[in-house]
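Both of the next two complexes hold chain A, though its partner changes from chain B to chain C.
== the complex of A and B ==
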């Protein structure tokens, strides 16, 4: 019975981590858009290349935040949560 | 001539102050970290705990490393500014002046003249963050991949933001939460709290994800190398040949580029949040009013 419970916990954590990483889609599309627009801008005004590039990298790094939320949740679910939940279960049984 | 020799001795001492903290934390890691089996992804190692009345205080690897980074930066600053003169005649003075000028330009262009005294703080945040991320190149545990360290910086920045918002008076600050309609208060409060959370998660997530990905790639290459080249005789069969190369390129991106980028972004966001939160007109109006009241009294 205990094995089943722990198995359910591990499966839940794994599936949750997988679902959390769906958050990576948004920043991917957004950063692609940003890079495309930056390319257009450089094509129109090649002399402003350094300004456009630095602004784009900054914007990309900030747009990445939502993806990183998903990543942090995923990492916590894989490395931290199983241990914690199993401990809670064992304490509850005692 | 004698003074020259003295200056050189001081120089060497300062260089030692710059390098020794890293050597010390490497020694601590070697001495206190138990030998693990293969590659594993773990959090910061707890070196020892200090018993405290409410809760034991754990002293972790990341705390020790970040203090060592601070010491090393102190050494760097003293080394760069040692023996400066009005007319620069050494390379390091030119480097120091370049750094100071760049940071002052950044602060002046992003925060305005009122905050020009913020330049040392911004430079400090930038350098601590950059050095912490780069310390993973030495095989140390980078303090920025520990949430606690980065959250500490973010809370410090949050306190500063709130302090400068309160400079416009308590009433406008509280009223700001009920804009545009009072129903929006919960969302505004969540938005306020989200600032330090997003700042710390951004930095921590970037450094940690780099660490996890490079560890996984190194592990995969090791396994692959043992499967493919395990038939070689003796030590050659044990040596993970495939691990040469690719992890270095990944480290170039994740450790160097990403680390420096995040340091810059953290500092830049600090400047932007503090200066946009500060109600300049309101503050000046109140100041003028107070001055007038003082004048008439």
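== the complex of A and C ==
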């Protein structure tokens, strides 16, 4: 029974980590689209290149943080959460 | 490739803000009585990785913007109200724009792989406090969020 509980914990952590890392897909697509639109804007108004670049840097940084949240959660679920949850389980059994 | 002033300025601002937030985080750890050398090393590791990631991203943006040098994109067709015309035929894609889009996506993938390595090292190496390192990775977003409340300097001044 204990092995089953530990297996469920590990499976839950693995599935959760996989789901969390899905969050990394969206920012990549979004950053590419933002860059494409910014490049179009620069192509239409070359004099606004500096302003567009500054804005795009901040926009990309904000978009990227969403992927970073997913990455940190996923890696915490893989490397930290299993030990923590198994210890909680073992302490509860004692 | 020469680093543009906009990239330098933004990276310097983010670096200063991340350093300030890291100091605040160390202060909070000290107040909680949990400040030790692993927390300091974790904060340095996470903040350094966050600043490096921002700088690499800014360089990618600069390269994407510079790839448009000498390229002219035709204006978007507008309706009588000045809004984008949904009935207008689709414009052919500009190769430089598509190349910049793919470059940004490739750059994002590379930087994410770099951050995966950084996060794995931070969480598994005993010399780094995992919470301090993970929190420091998120500070650039906080800096950008707080910059929204700061009144920008007018260009005429």
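Methods note: the second predicted complex is superposed on the first by the 94 of 94 C-alpha atoms of A that agree within 3 Å, B and C clash if a C-alpha of one lies under 4 Å from a C-alpha of the other, contacts with A are read in each partner's own complex, and residues count from 1 in each chain.
The rule is short, and it goes like this: a residue touches a chain if its C-beta (ideal position, glycine included) is under 8 Å from a C-beta of that chain, and two chains touch if they have at least 3 such contacts.
This one's a predicted model, so the numbers in the text were calculated from it and none came from an experiment.
Three-chain overlay on chain A, with chain B and chain C in a clash. When the two structures are aligned on the shared chain, A:35 is found in touch with chain C, with no touch to chain B. Looking at the shared chain after the overlay, A:64 reaches both chain B and chain C.
Legend: residue contacts after superposition of the two complexes on their common chain; A:89 is shown touching neither chain B nor chain C.
Once the two complexes are laid over each other on the shared chain, residue contacts for A:27 go to chain C alone; chain B is not touched. In the superposition on chain A, A:50 makes contact with chain C only, not with chain B. Counting the residues of chain A that each partner touches, chain B and chain C differ, and the larger count belongs to C.
In the superposition on chain A, the residues of chain A contacted by chain B and by chain C overlap at 57-58, 61-62, 64-65, 68-69, 71-72, 75, 79. By the touch rule above, chain A contacts chain B in their complex via residues 57-58, 61-62, 64-65, 68-69, 71-72, 75, 79. Touching chain A in their complex are the following residues of chain B: 41, 43, 198, 201-202, 204-206, 208-209, 212, 261-262, 264-265, 268-269.
In the complex of the two chains, the chain A residues touching chain C come out as 24, 27-29, 31-36, 38-40, 42-44, 46, 49-50, 52-54, 56-58, 60-62, 64-65, 67-69, 71-72, 75-76, 79-80. Taken together, the chain C residues at the contact with chain A in this complex read 4-7, 9-10, 14, 53-54, 57-58, 61-62, 64-65, 67-68, 71-76, 94, 96-98, 100-105, 108-109, 111-112, 115-116, 119-120, 123-124, 130, 134, 137-138, 140-141, 144, 147.
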